[in-house]
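Lettered A, B, C and D in written order, each chain numbered from 1.
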Amino acid sequence: MSDNMNDMDQIQLFNDQGRLLNAGLPDEEKALFCDAAPQVDAPYRGIWEKFLNWARSESLWILGFGTGCGAIELRPLMTSRYDMYQYGVQPRPTPRQAGLFIIGGYASVKTMKRIVRSYEQMQGPKFVLGLGSCTVNGGMYWDSYNTINRLDHYIPVDVYIAGCMPRPEALLAGINELKKLIKEGKGENANKYAENFEWYKRNQKKIIKDWNMPDYNW
Amino acid sequence: MSLKDIIAPFSVWKRALEKPYTNRKPIETRPGADRYRGFHQNAIDQCIGCGTCEEICQNNAIDLVPLEGKTSSHGDSGLRPKIDYGRCCWCALCVDICPTGSLGMSNEYIWITTDPEDFRFIPGGESKPWDDRAEGYRRAEGYDLLEAERVEMPMLSFEESQKSFIEMVQGYSKEQAMEEADRCVACGICIATCPAHMDVPAYIEAIRNDDMGEGLKIVYNANPLPASCGRVCSHACEYVCAMKHKGEAISIRWLKRYIIDQIYLGDYKEILKSADESNGKKIAVIGSGPGGLSAAYYLRLLGYEITVFDANEKAGGMLRYGIPEYRLPYEQVDKDVEYIRQLGVTINQDLKIGVDRDFKSLYDEYDAIFFSTGLKDPYGLEIAGEDLPGVQSGLDILDEVTKGKTPDIGKSVVVVGGGNVAMDAARTSRRYGAEVTILYRRREVDMPADEEEIHESQGEGCKLVTQAIPLRVEKGDSTRLKLFFGMAEMVDQGEGQRPKPVLIEGSEEVIECDSVITAIGQEADYSFIPEEIGKNLVFNRGMVQINEFRQTGDSKIFAGGDIANRKRDAISAIADGHSAAKGIDIYLTNFKEK
Amino acid sequence: MTEFNELSRQFQISDLKEQRADLHFFHASKEHAVAVLTSLKEKYGYTHLVFFTVVDHLEKNEFHLTYMLHNYEKHHDMGVVVKIARENVQMESIHHLWPAAATYQQEIREMYGVEFPGSPGLYENFALEGWEDIPPMRRDFDTKEYSDKTYYPRPGRESHDPREYMKENLYPGEAETW
Amino acid sequence: MVKEKENSKFPPLVDGKSQYDLTSGKYLRVWQGPQHPGITGNMSLELTICGDEIIDCKTHVGYLHRGFEKLMERRKYIQCFPVVCRICVPEPDFNEYLFAACTEELAGIQIPERAEWIRTLNLEMARLTSFLMWIGGQAGSFGMGTIGQWTVTLRDYMLDLFEELTGGRIYHMYMLPGGVRADFPPGWINKLLDTLKTVEKTLDDVELAMMHNAVFKMRAKGLGIITPDMVDKYGITGPNARAAGVARDIRKDSPYLVYDKLDFEIVTGTKSDAYGRCEVRIKEMYQSIDLIRQIVEKMPKEGPFFTKLPNVLHWRIPAGHTYKRAECTRGEYGFYVQSDGSDKPRRTYVRGPSYTHAVALMEHLAIRTNIADTAGLMVSLHTYPPEIER
């Protein structure tokens, strides 16, 4: 987690007390938002954590945010033909209720800002599924001035699914893979985000030029 | 609002009785359609690594990488496509355009990973579950992005061609040349195979751009005899062309000829680079065939003073005296030679080294010597009666015709041999009205002559008898001679060896003819090299041994062409001349007297 | 083309070109463009603004503003091309003729930097947000270069040119082009 | 237009825009989208409300801006072909057709007759598929999730057909300059006709459950009225205009492909409100089914489907420019392609119908409607954001 970050070192995120600066907010709004950075939640011990992981994996609630073309294959999943409810998956309208964020392919800078905000608002443990080529290495829009190339530079990604677009079945297979990971206790990316918060935040701020939201939204 | 509006919605409750749409196990039960564009497959041995897939990919998803177990060889770059599924959009244009048809897509579509770096793989090179899947996207019949067939070359009909020495191949028009040039996928696989490593895709691109000057420049970078080469080159390039896997190779040779035909000799000066200032060093070139002229040209460009010595009346060597006019008109040889002469190369004709001038004096007078004297002495048949009048060598016939004499061949001719000289002699004889039979020891596929020469000779009415071994020649009754020959069978010689013809005992046949023309190969004559210098040179089965700079055992002497090169064609001799020029330059620039 | 002939008596327009029987293009001077559009709309029944966009001709240092109008009675399209120099470009707004034109003008301002004084919402973001470079649709903006330096393409890719690779492997020391 | 209420609590309108003072505390500004279940695709509305009534609306787009037009400047003509279909995700075929048609016109290529029929069939299937998706959204936005379950599943059956024909579910990449990529697979036509029967049957149920639903009628009638005089002003095309009684259909007015050989009438309505637009669209779905059947019947059964192109790796197209349009589900879809004689297009402009519908028109219609109705209004205009910002 180090490449070409030198030019970003001058961006200051914290003040002397280790609180977030929230530099993008107007002064009168600063008091309205929290200035704490995210914390790592240590897992519980033994069987209890296993039970929790089982419960988490069997009720994956998707955030209903169609960020890119991938959203089009989410819609059939919600219908009776594929019936994703049988896998314990259902869409939720708000980040507060959702645990799984499906990034539907490419993310333009403007959407990336909303993705970051929605992702941070989700409750941990939270998981991210990257759909298609675009989230891996830019995909079809590898040379576009307005889409990111690598999603894992901005938010941690649990599972990638190949395709453009991946079919609904591939999406389901991806969700099954994610369930397996969670049950094995490997779905720790919310903690990874908290641990490497500065790195992620600097990457995000490098591309999102008008940062007019709190440094950490929750 | 009516009552219907209240009741109607309830009527669809009937759907509750229908069979549910739900698929309980979608992942397992729904394979991709037969045409589904899923993950890539590549028949790795069929692929030649031409990189056309990389060229057409708009996502920059394909890299060409070396693959273990694959090495570069003629017609195969040794590279294989590696696809980045962080870029791919599954459009299958790479599958559509693949000239070899090795690339395809399976109908597999599920690939999940936690590590994004996994999504790069060499289809066919790394084992994947979908490698052997038969279903999946393939280019459909009736849809093709490349043209498999070449533009037909306008040619004289055989009835017409066998009546005169008019050039048979008439050359492309502008439209035809552009259309043919358009077929090229510009992979550059041919460059390695061309002995002179001409930049073929670049001059083909010049044709597409209709920029003949640029084309001429590119051609002359590696080949100073293009007017000749564009007609009679053995075109090794066309045998490895990527398009040959799809259909017919690009007519590389005739496209080169097209460029040269478009430009007058007088305009060459303005287009091509002129020779450097003279650097005072003198070099002797013996033989004005393609090897000698090529060395002379490139050395002259570097500023050396070149003197060429040639035993014949006119320059060009075998191009002029060994190839009949209907394949290579003399004015085309003149065009090539004339430009080299204009550049300041002195060519002394009718001067035979070892007879008119001593080799030793050249050795002492010049800074370096390049000789490329070619193979002039034909092999004999070594059968009884071969010294009867009427038995003559093919080369002599061709030589006589070039010199304007009418050869004495009579009304019926038997040509013995299967090489280009045999074909040329046969077809030349046809043009003097003789009935021609060609005898060859092996099968037709074994014939060393160019395919089109064999085809055209038959088209012009030459009869081909294969697996026929001449036994003896006798004086004929009604005709001048009688040739007895036996039939042969092909005996397998084990792997890697070509089968050998063995005479079938007792099978004897006879042809009555006026002439027997032998064309079974030639050997070199080194008698002009005096013993004291010759002892430094190493000879190996009649050939001079040389290093990569075409330098012989005597560091001052360089050699090339048929006497040093097993390929024995004009383009190899030209490449030799080019390399020798480079070698001589290095030798003279870096050489210090010990 | 009667419309063109009649208009050309009044306005500086030129270069009528028939692309199809139902599609013509002509050039109009910058000063007369809006007047031409107005009479096309009011007098000749070209009531539908199909689109309005810009083509950048960098090597001629020109922007070609292209207005496409459609006549529903005759089912005919008329493309009006206005050439203007690329520096400090300003053009009269046409939002008074078609309210929807304001959106086109907003986008053009963002993508090409052409100003339309008076057009509502001209300086608001359209597709981009926080854009700091030169307007991206201009031809002197290199999108690949920008993407490479901004969005970290995944490293570790390497490709070989077949001809170079074969040269290295098959004839490394031999004579080549001088 | 909603009638101006007496003694209105609303601020005065000037040029169709409300004059209000946010600091007065009377008004509230809320964002709907981009992360909102009531929004189509990825876009957002910035609403200023008074109570739960909207007094000002501003559309924000650009969340899906990928810079297609810029990317196509860097790509050869054949390389643009896989790119264009991504411009509109739910209905990619019109992009493919229009780009191919523009390229063919500029290059002077005539495609085989059968290819034209296959293209028409493909476009009509795309229309039906897209409408099936839309109807789910329209019903869902008024709380009728069941209909979405039916029609999106039907759409999936259509996608299965597309998959078998073209090799792709969403992005078909089938119509390329020169024709189409493949012929029908064996038995496909029968499958298509069977699926059409299923669609027709469900559509009848949709009419009962939706169009004759008292709740839907009450909410949709009078919502977002488009009057005929607004049509040219806002550049409104397609069913949105036709519902207002403006009989304009590009398939009829300037026929492309083989539409002149097909028998159909322009569907028009009497009043373009959300309900009227639904009626027109459902009629057009039946019409589309009918057209597909006609095509299957009338098309030549044999023949080439692709014309030989010059080598696409260095295909140069003579300088020139053209504009082609087609009637897609939302209205006029158009491509403007300019060639400068090189192997890459100099400029490609995509005219999506949502461009005017979702921005200027939506901003106008949303005023004085209810927050709860914005989703329904938005869907009734049938806008797809990716074609707006491209």
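In this text, contacts are C-beta pairs under 8 Å (C-beta built on N, C-alpha and C of every residue); 3 or more make two chains touch, one makes a residue touch a chain.
Every value quoted in this text rests on a predicted model; they were computed, and no experiment measured them.
Chain C has its Cα centroid nearest to the centroid of all protein Cα atoms in the structure. Interface comparison, A-C against B-C: more C-beta pairs in contact at B-C. Inter-chain centre distance (chain A to chain C, centres taken as mean C-alpha positions): 37 Å. Between the Cα centres of chain B and chain C there is a gap of 49 Å. With each centre defined as the average position of its C-alpha atoms, the distance from chain A to chain D rounds to 31 Å.
Centroids built from CA atoms put chain D at 24 Å from chain C.
Across the assembly, chain A contributes residues 79-81, 110, 136-138, 140, 142-147, 150, 164, 167 that each touch 2 or more other chains. Of all residues in chain B, those touching 2 or more other chains are 21, 32, 58, 84, 86, 89-90, 116, listed in ascending order.
Counting only residues that touch two or more partner chains, chain D has 62, 65, 67, 70-71, 74, 82-83, 86, 153, 171.
Within the complex formed with chain C, the chain A residues making contact are 3-4, 109-110, 113, 136-138, 142-150, 153, 206-210. Against chain A, in their complex, chain D makes its touches with residues 34-37, 41-42, 62-67, 70-71, 74, 82-83, 86, 89-90, 133, 136, 148-149, 152-153, 155-156, 159, 169-171, 386. Chain C contributes residues 154, 156-163, 165-167, 169-171, 173-178 to its touches with chain B in the complex.
Residues of chain B that touch chain D in their complex: 1, 4-6, 8-9, 11-12, 15, 21, 32-37, 52, 55-56, 58, 89-93, 96-97, 105, 137, 140, 142-147, 182-186, 205, 208.
Interface residues of chain D facing chain C in the complex, by the touch rule stated above, are 60-62, 65, 67, 69-71, 73-74, 105, 232-235, 237, 248, 253-254, 320-323, 325, 332, 334, 336, 338, 346-347, 349, 351, 355-356, 359-361, 364, 389-390.
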